[in-house]
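Before we start, here is the structure in question, set down as structure tokens.
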Amino acid sequence: MTSETAAPLAVEALVRGHRLRLVEIAPWLIGGLAYFLFPDYLALGAQILIGIIFSLSLDLILGYAGIVTLGQAAFFGAGAYTAGLLAAHGWGEPLSALVAAGAVAAILGLISGAIILRTRGLTLLMLTLMISFMLQEAANKAGSITGGADGLQGMAVWPVLGVFHFDLYGRTAYLYCLAVLFLAWLAARRIVHSPFGRSLTGIRENEARMHAIGSPVFGRRLVIYTIAAAFAGVAGALLAQTTQFVALEVLSFERSGAGLIMLIIGGVGRLYGPFIGVPLYMIAQDRFAQADPVYWDFWIGLLLILVVVFARGGVLGLADQLRRRLRRTR
Amino acid sequence: MSAALETTGLCKNFGALAVASAIDFRLERGARHALIGPNGAGKTTFINLVTGALRPSAGRILLDGGDVTALPQAQRVKRGLARTFQINTLFRGLSVLENVCMAISERLGVAGDIHRPAGSRREVIDQAYAALERLGIADDAPRLVRELPYGRQRLVELAVALGLEPKVLLLDEPAAGVPSTESGIIVEVIESLPQDIALLIIEHDMDLVFRLARRITVLVQGAILVEGTPQEIAADPRVREVYLGEHVSP
Amino acid sequence: MSAALSIAFHGVAYAMVLYLISVGLSVTMGLMGFVNLAHGVFAAAGGYVMTRLMNGHGVPFPLAVAAAFVVVGAASMVVERLLYRRLYGADELSQVLMSVGLIFMSVAGAKFLWGPLAQPMTPPDYLSGQIDLGFRAFPAYRSFLIVAGAVLVTLLWLGLERTRFGARIRAAVDNRRMAQSIGINTTLLFTWTFALGSGLAALGGALGAEILAIDPGYALEHLIYFLIVVAVGGLGSIRGPFFAALLVGVTDTGFKYLLPEFGAFFIYALTLGLLLWRPQGLFGRA
Amino acid sequence: MIERAGRGRLAGAAAAALAVALALPAAAQTVKVGVILTYSGAQASLGDQVDKGIDLYVKEHAQDLPPGVTVSLVKRDDTFNADVAKRLAQELVTREHVNILAGVIGTPAANAIAPLATAAKVPFVVMNAAGVTTTRLSPYVARVSFTHWQLSLPLGRWAAQHLGKRAATAVSDFAPGYDGEGGFSKGFTDAGGTIVGAIRMPILTLDFAPFFERVKALHPDVLYVFIPAGQEATAVMKAYADVGLKAAGVKLVGPQDIVTDEELPNMGDAPEGVITTGNYSPAARRPQNLAFLAAWHRAYGDKAVANFMSVAGWDGMAAIYSVIKETGGKFDGDRAMAILRGWTDKDSPRGPIMIDPETRDIVQNVYIRRTERLDGHLANVEFETIEQVKDPWKELNPPK
């Protein structure tokens, strides 16, 4: 290979990295088709879409920037309560509430991130946990505002765009969530393929190197932490608006953990990990967990161990391996 | 005229252990300077202090006359300080070109861009490509770093540092781990670096040191033992005793 | 005065349980670099072994406690060989997930085997009720906990300082590569250390069953406290977690006594503050 | 193991019922009841208790249904999450087309479902969740369990009259705890007592000794405790004895949650003499209860313990069966609610009960019980009855 051909090749690869591939349309085709094919499952569908947004927020910080957190529910809950409180106090316009929820979560992310992001490893893990615990405790304490353990009642969410009422069958909820997920995906995709996104991967892979090439590592981590917090906040707001209820559980450790597990199953550090992991987990739970919940816990535990030991990249990682093997045999 | 890099009274303690004690060091513009010393002498600690990876316990660091002691690493890089690592710290899963692009994006201040796709800036790619060409590894541009032999990776390491257009370049054992057949290329590359870059080379390989360096500083137990021209160092009995005696077979 | 005494007494009793359980976690995290969230599983297992032996087979309390240590220690060696070993040196995310998976399986398994309810724990008669020290009466079992805890801690510290095994662990925690190069078989050392840590957790779980009831969710419910003790104490430290446990035990108890409304809040805020002040923990190495 | 065998047997019965249902001519009427309970996670044992009560009622009353009518239970696990519960209710209504919603362990879940019941005009029979406001959130909600005020206010009154005039309260720091604290304090002070200290304990409390040490320093006659039913109750009892409150003569009182019948065997001797109020104790000698327990043990084995949740499941089904019997299985939400409002059952295992026509909350006897050793086992023995208690909170806080 001469340098004349090598140069365009390398450059091509760089320039083409962000271009839309055909398979990337698949989630939207499936999402749209599902609306017509499974009209009885739209409520579940909406919650899956919300789960994907939440998982996507985790993917951005954990998968791309390597920030291991167990407290992402703090932002989800902040968003849910923002939207919930607005709707309970007379402002039921969903879109503006969504923006407000994202903003509140982002501010929370910015402040908490500025405090904790200088630490690493177990210490960071603990700090994220502590913050989400404190927030949950605060929401429990502030019962007169949040409804405490009984949940926030009396939300009145107005129709989307003034036209589409949230209906019993979850049609509006589903399409609304699908639209928001689409926007979130566009944003996430842009971030991931931008120089900023690349530098995050750099920080995750090799922080010392990023320092050495003059990258403001702390600042970059803080920016993505804030963005991811906004994503989580929007997801929380969607849940509040579509269920018209907010319970303390939105801030729980369990929610953070479940989001993480779904992401791992799909594949961490891949844009489409959440798109695979969340539906897989939630549909399986809906189908099989009824049969015997005790076994469900057992099998999920076993699955986690198997994924970690044998299939680190989750489902997408396995698919990659399979493709590589096929290519080799061909 | 101020030095390219200067430290005064630089100290670093880990608890009761002093790993750098009152180091006064001066790196002239365009210098070819080597820092040598036995294992555990504190050479890498010194580099980490200069680059800002470690905070000094006392003392000052001046870059081009300006005090950078309190600045974070990124700011020092912006002021023209670059380094290579003793063990390759490249992004092994990325292409050679991308590795260099990362550094150039940072220098051009476009790495924080969140809107435009990476690869959409022609100037970044062109400059990265130019850096590779200068080191003669442009052919490897599209290959993943992990697919390259180690010697080649050392060159990429250098290309990344050069991409930052440094005024001061710290080379931490540039030929470490490279088979002697290939180390020649690295030496040639280093010799051909632009003369306005001040080089500080940390090396164990004495042949290489004497070939590249015009001045040598010997570090022992966190303190400077002696500094001088290669001839002076080679003749110094103290150096022979603590250092050369151990490493160079008679 | 009486209040302070109460706080100190209950705080120390609680701290002993926390320390016994957490010290093994600190060592595995420090020595093997393993973020083992499933450590509580071994404590719970110790509690189950003891209560099942006592309630189901009439085994006397001291024997049941000893059995918990031995059985769980041995079982943990198998788990270490089968699972943990594969992830030494892996990223912390993988370790977190593997151990979370282990928690899920153990929770489900315990529920399947022994039902969803807590295991009854009835201390022997000689440790029930109150003991009167003249100026004041103290709960007998908790007094026993403090004494037993102190004895075990002393044994552990002496053991680690005076024995070859202890010296090896300390060397390996300090500098693993160096330890390997001077001929320490770290693979074997890890297994034994893991077993010791798990055995101690089992002791803590068994002795502490009176305070932390043994039920299927044990490993998850109390995890946060174990983690706090380890993070605040400093990874890899043997003594750090002891002082952290004392700090957490006594201040937590104190705040619950004095300002119960903010009881939960306080422990989180304390941990947050301590970790921001000293990210490596009180006794961790920078 | 016994519990599992029992479940298997019931599942068999359910399958048989289903087979019969399928064999019937197409004209037959099937009433679908959507049951939402917590079957997994930390609260799974609660869901299990209600579930057993429901299944037992269905099994024992198959022949009571009008000819051609079958009942089909569609069960869902809400994993103790309100948003999941809401979604499941939505799906049960839109996908499964259930005629009635029932169950629900947690108040947040019930509160989340309530507006949906209104929107879908589907009756919702609450079988456990006890938050006071739930029945106000929708005219389609009827409750057969209890409220914390209902149990704690009479207890406060009784305690002030019989146990002493100084009381301290210690409750879990969340909404149900505040309800319990509010009810007890109201009853106690109304009857001339004084509350000398009110402590709220964090939800995740492992060790109650510090709180009880504080109580001890207050020297009350009575200590009222509310904690959620489950293993924390055992920790409360241990701390009560350990700290020496029992020895100091401080009387421990509380709602039935602190001495749930299935946890009693774990509690040692500490609970002996504890006074609680409850709407049901398996130790009651009412013939209806003896019959219920006989059926219970037949189905689930001798060791299975029935508690107030099991009876709520049983009674909830009784209410639903009344609706079915009265309408021949053909009813809409409004028709069902008309029957449920003012519905009475003289034969509940817990004594006569009624659904208040005004509030749609349960009206029932509240029993003062003492925990005693009966045939070598601890039991909650009812010794005084306060007849037909309405939820006092709703009387004190009339709707605006």
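Note that the chains take the letters A, B, C and D in the order they are written out, and that residue 1 is the start of every chain.
Here is the rule we go by: a contact is a pair of C-beta atoms (placed from the backbone, for glycine too) under 8 Å apart; a residue touches a chain by one contact, two chains touch by 3 or more.
All values derive from a computational prediction rather than experimental measurement.
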Third chains touching both chain D and chain B: A
Chain with minimal offset from the mean of all protein Cα atoms: A
Chain of greatest Cα-centre distance to chain A: B
Maximum inter-chain contact count - chain pair: A-B
Centre-to-centre distance between chain C and chain B (centres being mean Cα positions), rounded to whole Å: 46
Chain centre separation in whole Å, for chain B relative to chain A (CA means): 41
Mean-CA-position distance for chain D and chain C (Å): 37
Numbers and ranges of chain C residues touching at least 2 other chains: 111, 261, 264-265
Sequence positions of chain D contacting 2 or more other chains: 44, 173, 202-203
Set of chain A residues in contact with two or more other chains: 137, 141, 294, 296-297
Listing of all chain pairs that touch each other, if any do: A-B, A-C, A-D, C-D
Residue ranges of chain D in contact with chain A within the complex: 39-41, 44, 75-77, 79-84, 86-87, 90-91, 93-95, 107-109, 111-112, 115-116, 119-120, 131, 133, 137, 173-176, 178, 202-203
Complex contact set, residues of chain A against chain D: 40-41, 43-44, 47, 137, 140-141, 143, 147-151, 153, 168-170, 239, 243-245, 247-250, 289-290, 293-294, 296-297
List of chain A residues in touch with chain C within their complex: 62, 68, 70, 115-116, 118-123, 125-127, 129-131, 133-134, 137-138, 141, 257, 260-261, 264, 268, 294-298, 300-305, 307-309, 312
Complex contact set, residues of chain C against chain D: 2-3, 6-7, 10-11, 14, 111, 115-122, 129-130, 137, 139, 141-142, 210-213, 215, 217, 221-222, 225, 253-254, 256-258, 260-261, 263-265
Chain B residues touching chain A - in the complex, by the definition given at the top: 51-53, 72-78, 82-83, 85, 89-93, 95-98, 101-103, 105-107, 110-121, 125, 129, 133, 138-142, 160-161, 163-164
